[in-house]
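First subunit A sits with subunit B, and in the next complex the same chain sits with subunit C.
Showing the complex of A and B:
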């Protein structure tokens, strides 16, 4: 079996909708018959566990600490979600002590040892589990474990909002870290999320002038935009949005996500 | 070769600019070094003048270098930097060329005074030019290389002078060549500066960063002056000549390392290492005062001098003055006044300052002063911003992690 691809979703700030997008995309891939694994690498502020409402027996943290094997952390949700393919999930711990432990473990030796464990687990996922697409949900900003996850990925997706604050910070992040990653052969792309325009307010053309065209935006950020997902209030303010892309495929948000999934697949 | 790529990480200075920096900064430093440490002595020996006149000439050179440094830093704040550099280079070249045609004691004294004026007027602007040509991440490396080039030019001048057996005139021609080629800097680079907010002298002096670093620099010069002028050179005159050459080579080899260390580990580290090395060498010499230990002391001093001089004189002063429109004031105070005035004071008092205290005892006492001088450096804020160091650390982390990823892929 050939080696699968690894994609990481990252952002400059929190609240860009990264976890929602990556979960939906992973589910879409699995729904279309692919073997997918989604790992929560937002070790500093985990959210995948509450998104999927699961309590695993072991966490990504345990894997990095060398306490468990990859098989112990994986949770298979394919059957309950009635997916054609496979969707395996790996959660990171939201316990205060585990988050604190990650926060303070900055020494290079541990970082590299943990990274080796993760890479070995990644190979296992491809070889033993036949995973075709490995999705990594990373922490926003520049932190050790977001860098580690990004470095392990073939394609990086920067999820951002079309706001000056986000653009400015993302540009800085590109200069600081992405350029180094690109030097080593990684490719990075942008996914614009929560773009103004889907709500009725656009009928009054309010804010329309502030929305830069994709071409201008790509020039500014020096990267390709693989998707532009409008801000849908029902998604944004839903009490618990859960895999709309597979549960409500007719929703415009889901349709947009299907387009993005296709664009990513064709990269 | 790819493993050495880290050496040029974050280097953004364009090649033309770097070349202009070398032509202005390195050439001026080399010309100063050749004149002050060799040519001056040779000139007066050739004239056959009394040692008193040599002393007067040196005093004229040093005092006018300091006073014209003060004047120059005020002028350059008000005029176009390019025009200032043109005039200064022309003046320096004219004075040096005149050395070829005119002879005699009076003229030698006059030219020493004029060369002092030339040095003081322009060298701080060359230092400021290096500062404004570099980002904080690359300043150490560019400074280290520029100072290395200056020393290499000095050594090359001596080698050529020796090969052609031309003595004094070859050294004069070497300085002429250095000054003439400096004009090329203005040809390849606009050498213009954005005018920034100017600072009064007092604000420079009392600024916390300045004093914290100037104090150990001053102690370093005082200790060196007391030891060398006070007793050492007379006690160990037999190893002085060879020792000084070895000391110079120690310095030459260290300047580049100092510059790289200042960029990779921060400014305080090479400064602290230099001061601690010097302190330990003083203790060592204090315990074993023999010609051999003096020789070792000179080597360590050369290395320490390389570390301290690059880090303080160019990098830290550059960092402290980078945002100011009065960069020259920082360089005049720290880079010219402290070393030249202490040298001048010790030259003035050297006859009566020949101490009866043995060099070993003096050395033990001075080691305490040197080791204590690290305290303000410890307390001072690092001038290489923490954010830049963190950014670099993260980039190194990316490289290490990516290597692991590559290895893992190969192993599949």
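Showing the complex of A and C:
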């Protein structure tokens, strides 16, 4: 069996639905029998812990600080979610002091040391845990741990919202960051999320199934859109959407995610 | 250009491609000669080469099982008739063998030679192992000249097929005169030894000589792992990206004019990405 692949989900701005998408996709892969690990690298505004409602004994932060081994941070949710495969989660700490500590650790020496610890952990995930798909949920924008996580990934997925899409800022980020990553081997794709069309929103640049507009957009960003997920009011305003793709597979949102998961698998 | 291992560690020990050769492998009992040879044959099998194993100490079933223990699965190659065994062992247990080529009296070197000739027929780009000269000579007393003649005939047959062969010998079982003869017969000599390193044994390998190839002559440490023999670096080398100890050939990539040792192409790629994004301050 070959080494697994690492995918990172990133966005220019927050609120694109990155964590919801990556969690559902990771769970879908695990539900189909794959060995999956999802790590929260949104160290500046962690949300995976509240999404899964888990309190781990150690965090990604502790791993990067060299205080614990990867085995200490992993939480196995496969059995409770009745997944055919394996889903291991690693959470970032949402404690104020931990988020602040990451914010002030800007010197490159620490970044490199922490990156080495992460890469060593990544080797362990593939070689000892037999992980086939490693998902990294990154911080939005251009920050140390969004760049580091993107650099460690094989495939990069930029999640964008249509309604508040900052094309100019996103294009700048693509030029500044993604182009360098692609030059050295990464593959970069776009996932459009919360696309108006499924719900009665009139002011839209393009609807979820507007393939002509998507083709134009792909030309503009010089990348491929691998998924266009409509904005569903019941998902958007749900008190706690939780792995609908696995738990409510008949919902149109879930069906769309299943399509995206398949598209990503076939890349 | 990166070369693949012909025998364990050859890509690191030999500069350039290893020419087709007949090699003498000298080492004490238990140092790892047999697994070294099995790995050499398996490296050939996975490249589609025909392999012949002349064994004096294991039955065909034992050979298959012991290879499987190191992850060298040979059953499919046996089915394709790429892996063949000249069985010089089963005479000890009455002669029943799963091999087509069974030597009932290894004391008769002519019979051994005929079996080898028959067994290599139809194989292309052959690899052969004779494991071992010591095992053959233990069955009766040979005149060194007669033994030398037998080995020279086998070497000549392998050379005609453009093949590579390893002949194993345990030096403590022979006198110096025979060992000197043996060094003359073959194209090169590989040596293995053991050293006491505190509470463990350190195993070492070196290329003493190989005709037509430039090679290192340093003793290199090696370990017998569950994936076979791993020849290690003589000095500790770590990946500049992930810091992992590089146990095999490093992945060397030049970044901004400086060569760096990486554990893998993936680490080299990550390093380049970070260097491109963080600039010169990233070291």
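Note that in this section the second predicted complex is superposed on the first by the 250 of 267 C-alpha atoms of A that agree within 3 Å, B and C clash if a C-alpha of one lies under 4 Å from a C-alpha of the other, contacts with A are read in each partner's own complex, and residues count from 1 in each chain.
As a working rule, a residue touches a chain if its C-beta (ideal position, glycine included) is under 8 Å from a C-beta of that chain, and two chains touch if they have at least 3 such contacts.
On a predicted model such as this, the values are computed, not experimentally measured, just so you know.
Visitor: Following the superposition defined at the top, how do subunit B and subunit C come out on subunit A, clash or fit?
Guide: Clash.
Visitor: With the two structures laid over each other on chain A, which partner does A:112 touch: subunit B (first), subunit C (second), both, or neither?
Guide: both
Visitor: Which holds for A:167: it touches subunit B only (first), subunit C only (second), both, or neither?
Guide: In the superposed model, A:167 contacts neither subunit B nor subunit C.
Visitor: Based on the superposed arrangement, let me know which partner A:214 touches: subunit B (first), subunit C (second), both, or neither?
Guide: In the superposition, A:214 contacts neither subunit B nor subunit C.
Visitor: With the two structures laid over each other on chain A, which partner does A:180 touch: subunit B (first), subunit C (second), both, or neither?
Guide: Both partners.
Visitor: Going by the contact rule set out at the top, does A:99 touch subunit B (first), subunit C (second), both, or neither?
Guide: neither
Visitor: Any idea which of 95-103, 113-121, 185-193 or 257-265 of subunit C is the one running into subunit B?
Guide: Comparing the options 95-103, 113-121, 185-193 or 257-265, the clashing one for subunit C against subunit B is 257-265.
Visitor: Return the residues of subunit A at which the contacts from subunit B and from subunit C coincide.
Guide: Shared contact residues on subunit A (touching subunit B in one complex, subunit C in the other): 3, 108, 111-112, 115-116, 119-120, 123, 147-148, 151-152, 177, 180-181, 184.
Visitor: With touch defined as at the start, can you tell me which subunit B residues reach subunit A in the complex?
Guide: 391, 394-395, 397-402, 404-406, 408, 411-412
Visitor: Considering only the defined contacts, which subunit C positions touch subunit A in the complex?
Guide: Touch residues, subunit C against subunit A: 241-244, 266-267, 269-270, 272-274, 276-278, 281-283.
Visitor: Under the definition above, what is the set of subunit A residues touching subunit B in their complex?
Guide: Within the complex, subunit A contacts subunit B at residues 3, 108, 111-112, 115-116, 119-120, 122-123, 126-127, 142, 144, 147-148, 151-152, 176-177, 180-181, 184.
Visitor: Quick one: in the complex, what on subunit A touches subunit C?
Guide: Those residues of subunit A that touch subunit C are 3, 108, 111-112, 115-116, 119-120, 123, 147-148, 150-152, 177, 180-181, 183-186.
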